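The first chain written gets the first letter, and so on, giving A, B, C and D; residue counts start at 1 in each chain.
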Amino acid sequence: MFSLEGITTNVQDWLLMKFNPTMALAIECVIVILLSISLFAILGLVLVLMERKVAAHIQIRLGPNRVGPGGMFQTVADTLKLIMKEGLTPDKADKFLFNLAPFVVMMVGMLLLAPIAFAKNFQIWDINIGVLYISSVSSLSVIGILMAGWASNNKYSLLGAMRSGAQIVSYELSAGFAVLTIVVLTGSLQISEIVNAQQNGWWIFKGHIPAVIAFVLYIIAVTAETNRAPFDLAEAESELTAGFHTEYSGMRFALFFLAEYINIFIVCAIGATLFFGGWMPLHIGNWEAFNHIMDYIPSSVWFMGKTFFLIFLIMWFRWTFPRLRVDQLLNLEWKYLLPISLFNLLLVAVIAILGWHF
Amino acid sequence: MTNEEIKEYITTLAPAATFDETGEWLNILVTAEELKPLMLALRNGKMQMNYLFCLTCVDFKTHLTMVYHLSATTHRQSIVIKANLNREQPVVETICDIWRTAEFLEREVFEMFGVHFSNHPDLRKLILEDDFKGYPLRKDFEDPINMIKL
Amino acid sequence: MFLKEYITDVVTGVTSLLKGMRKTGYYFTHPKEIITEQYPDNRATLLMSDRFKGEVVMPHDANNEHTCTGCTACELACPNGTIKVVTKFETSPEGKKKKAIDTLVYRLELCTMCNLCIVACPSDAIKMAPNFEHSVFDRTKLTKVLNQPGSKIREGIE
Amino acid sequence: MYNQTEIIKDTSELGADGELVINMGPQHPATHGVLHLVVTLNGETIKKIEPHLGYIHRSIEKMCESLTYRQFIYVTSRMDYLSSHINNLGCALLVEKGMQIEVPDRAKYVRVILSELTRIASHELWLGAMAMDLGAFTPFFYAFREREMITDIMEDTCGARLTMNYIVPGGLMYDLHPDFQKKVKAFITQFKSKVTEYEDLVTNNVIFQSRTKGVGILSAEDAISYGCTGPVARASGVSCDIRKIYPYEVYDKVEFDEVLETAGDSFARYMVRVKEMNQSIRIIEQLIDNIPEGDFVGKTKNVLKLPKGEFYTRVETARGEFGVYVVSEGGTTPHRIKFRSPGFSNLSVLNHISVGSKIGDLMASMGTLDLVIPDIDR
């Protein structure tokens, strides 16, 4: 059966057999880099196409259907176009920062791939503070956005970047608290332990209502963190034309664009890991037969299925809701999400101490 | 109010006004100097003409005529105030402090007819570019490049 | 009291958002509702309204005859000089001189499809055709001569 | 869900430091055309808005001075292209009034039905575009689906989808399409079944409400003083529906309500337009089965000559009061023609209602003013 589970150990064993440990590690690093770059590219292409298709069907349209069967290669064609395009740098822009910014944003995305468990035993780096690592690194992307906005020497960009700064810094909080609820329930920051703790049921089912609230808060907060509608104030098309990437064109624009989708993938992957058990199949209490059938589905399929479901949810939000205003955005965070998530955390702590969860 | 009453009322405000009742509404022709006080009285006096629905200028080749269509949202009676201006130096007092809508309309008339509105807060070109020469809606305006004679 | 208001706020807000999502979700799951027309793939089945004002044409019958007398009514009716009638004098076999059109020049790029020329025409020589694919690479191709080469006026039309 | 933001109305105390002047337009996604706004900002707060017009100025008034009374009607389609039929109607009414042309009843009924269809189409487009300004992309497509049915009706009957050119002085250019009544009824059923969609997606949406409620408040006095008409003024409680006050055609024979709101904010303007669509449906329902048989065009002279004098007519377009002022010297062409376009007056209020609010609010106020730039520039 197709599964990613055994591959990593096989590769590791084979490498250790052939080379000395240092060499093996170096080769592993190269493989990981290559894999993550290609994953980056493929995810970008797939998610952009998915977004366009979802948008089209919600908007009673067909969406791209000219390039390849069902428009499959539309995004490939778009990427080719963007590569061919001239990347303009504005005359009075800060050239160094302007060119650096898209790579900063992209690098943050790539760093975040490290602790994600794509399947059973398929993880780049099972760091013991995985969740902390994710929430700290993900907040770095705001630096890239601020850099882009400032260096463009464009007022729209500056406004967009400043909005984005305020937004990401605020929503970091409630996203962090939502993550913490699961950490409290699990008692560990390590991703693999969090996944293992959900062997007999996902946290969203085991954790009662507080876990559901935490999940809702998490989805709202990460939608804002990734600058997606209804929180896309940083690029707010109808207000700031394109916000922080107004002046970018060609491949550098494409990098911002890809980074947005990679960020969505990552936050959804983390959401799936925390609340839906990552690669863990759906297990229901004592139904042995049912659990066995579920185990036959490869763990990578489980993981991708959950992640893409969350991605679809975020896309659904985008194509349904109007955009918030900048002060309402901050109101929502500081007056609603933050108090609720604090209260929720308290509730979870009580539940965890009293052992009320399953 | 009947037209006769309006006439009487306006004669007390602007003695030099002449009237014309051939059209749909009562037309009142006043001099440019009398215009502003008359307008103020029409807005704030017993007529309460609070709605200026059209402000424009007509070039009669010998003179320009400012045309103000006034109405009131309470009694819905419309009157037309006109003021003749000479063509070389058309100057008239602004009314944009009485009806705010006049600000843009007067700017339009300023660039299209060259009527100068004294005391207008922001008398600049609104539609044409800043270095445009001539007044396009005057009858003697010639633009050999852009105007196609059919 | 404050708490109650706060909670009702949150609940009504979330329900209103969920209602919207239900609507978009409905359309997402019902591809039947898609209204996209895949032009130009559907060109064969595309129905244009018979009254659609696309361009002015001059119908010719099988004998290559039209009914235009060259009266220039259409030229006068046109608001923006789209039509230019060039007339000539034809000598009939009996030796009588008769006015007829040489060319009827129609400039599609100036036309606003206002239909005034068709209304003005006393002999119904021109009509609107429901063509809409007018794009060309060269602007001069939009200046058309409506009467076909060698065509002449139908007998009995004055 | 949110409290109304405190809008700083007095910005005079803020110094010139930190002022940011941005040019919104002439190419900007929210200005729907070539409107150029020079916006002075303090952070996100708007201090001043200066519209710069003229990017699509074609001097229609001057053009009309060289066109005959038959021809000039069709130029007005290009002003407010979303209510082109009503613009044409205003001009035709002026010619009919000036020359005392009798219009057959059939033409009058059809004109009114088409006017109301135009109004619905215009409001549908506005609804979609306004939702898009606020970041909701999807209602645009749903609104266009219904609008498409109207444009199809227009195409069948008038021969064009946007610039219909169906009205001639004295009546209509040609008779109704045989399918007209059937199609209009189909549209009414479809429209009524889909109206709840806008409620779910837009009207009741908490984000939409918080974006529009209390934003861009225009008081009744200011609305009158700025010459605002149409839904903009009616949202402030000013009764200004020309169809009610100076009924033309058959508006005095049909029952409909003038939609009035009192809040004067963007949400009130939104609600006025949405309710107006329902009123238009009501008017159409009353007329569609009662179109009298008979001529569709009255007897007119071949060459139209308006007597010497001045004429003024006004009609209610989707955006407000559209006035035509003609000074005739007795010839075949007008001596001077002035179009009182509703958009021009409605635009002039923009600075007044948005000073002190945020950039996002500007989109809400601008969207609900329903600006059509060719109408403003003429």
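We adopt the following convention: a residue touches a chain if its C-beta (ideal position, glycine included) is under 8 Å from a C-beta of that chain, and two chains touch if they have at least 3 such contacts.
Fair warning: this is a prediction, and the values are worked out from it, not measured in the lab.
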Notebook entry, point to check: If you take the chains that touch chain A and keep only those that also touch chain C, what is left?
Noted result: D
Item checked: Chain pair, A-D or C-D, that carries the greater number of C-beta contacts -> A-D
Check: Using CA atom averages as chain centres, what separation in Å is found between chain B and chain C?
Finding: 42
Notebook entry, point to check: How far is the middle of chain A from the middle of chain B, if each middle is the mean of its Cα atoms, in Å?
Noted result: 63
Check: How many Å are there between the centre of chain A and the centre of chain D, using C-alpha atoms for each centre?
Finding: 45
Check: Approximately how many whole Å separate the CA-defined centres of chain C and chain D?
Finding: 25
Next item on the list: At least two other chains touched by the same residue of chain B: list those residues.
Entry: 150
Next item on the list: Send over the residues of chain A in touch with two or more other chains.
Entry: 58-61, 319-321, 336
Note to self: Going by the contact rule already set, what residues in chain C reach two or more other chains?
What the structure shows: 10, 17, 20, 23-24, 35
Item checked: Contact set on chain A toward chain C in their complex -> 54, 57-62, 316-317, 319-321, 336, 340
Notebook entry, point to check: Which of the residues in chain D come into contact with chain B in the complex?
Noted result: 51-54, 57, 59, 61-62, 66, 221-222, 224-227, 229, 238-240, 245, 309-312, 314, 321, 323, 325, 327, 335-336, 338, 340, 344-345, 347-348, 352, 377
Notebook entry, point to check: Hey, which residues of chain D end up touching chain C in the complex?
Noted result: 1, 67, 70-72, 74-75, 77-78, 138, 145, 148, 152, 155-160, 163, 165, 168, 173-174, 177, 197, 200-201, 204-207
Checklist line | Residue numbers on chain B that touch chain D, as the complex places them | finding: 22-25, 27, 50-54, 56, 58-59, 67, 69, 73, 76, 80, 99-101, 103-105, 108, 126-129, 136-137, 150
Notebook entry, point to check: Where on chain D is chain A touching in the complex?
Noted result: 1-3, 5, 20-22, 28-30, 41, 44, 131-138, 140-142, 145, 201-202, 205, 207-208, 210-211, 358-363
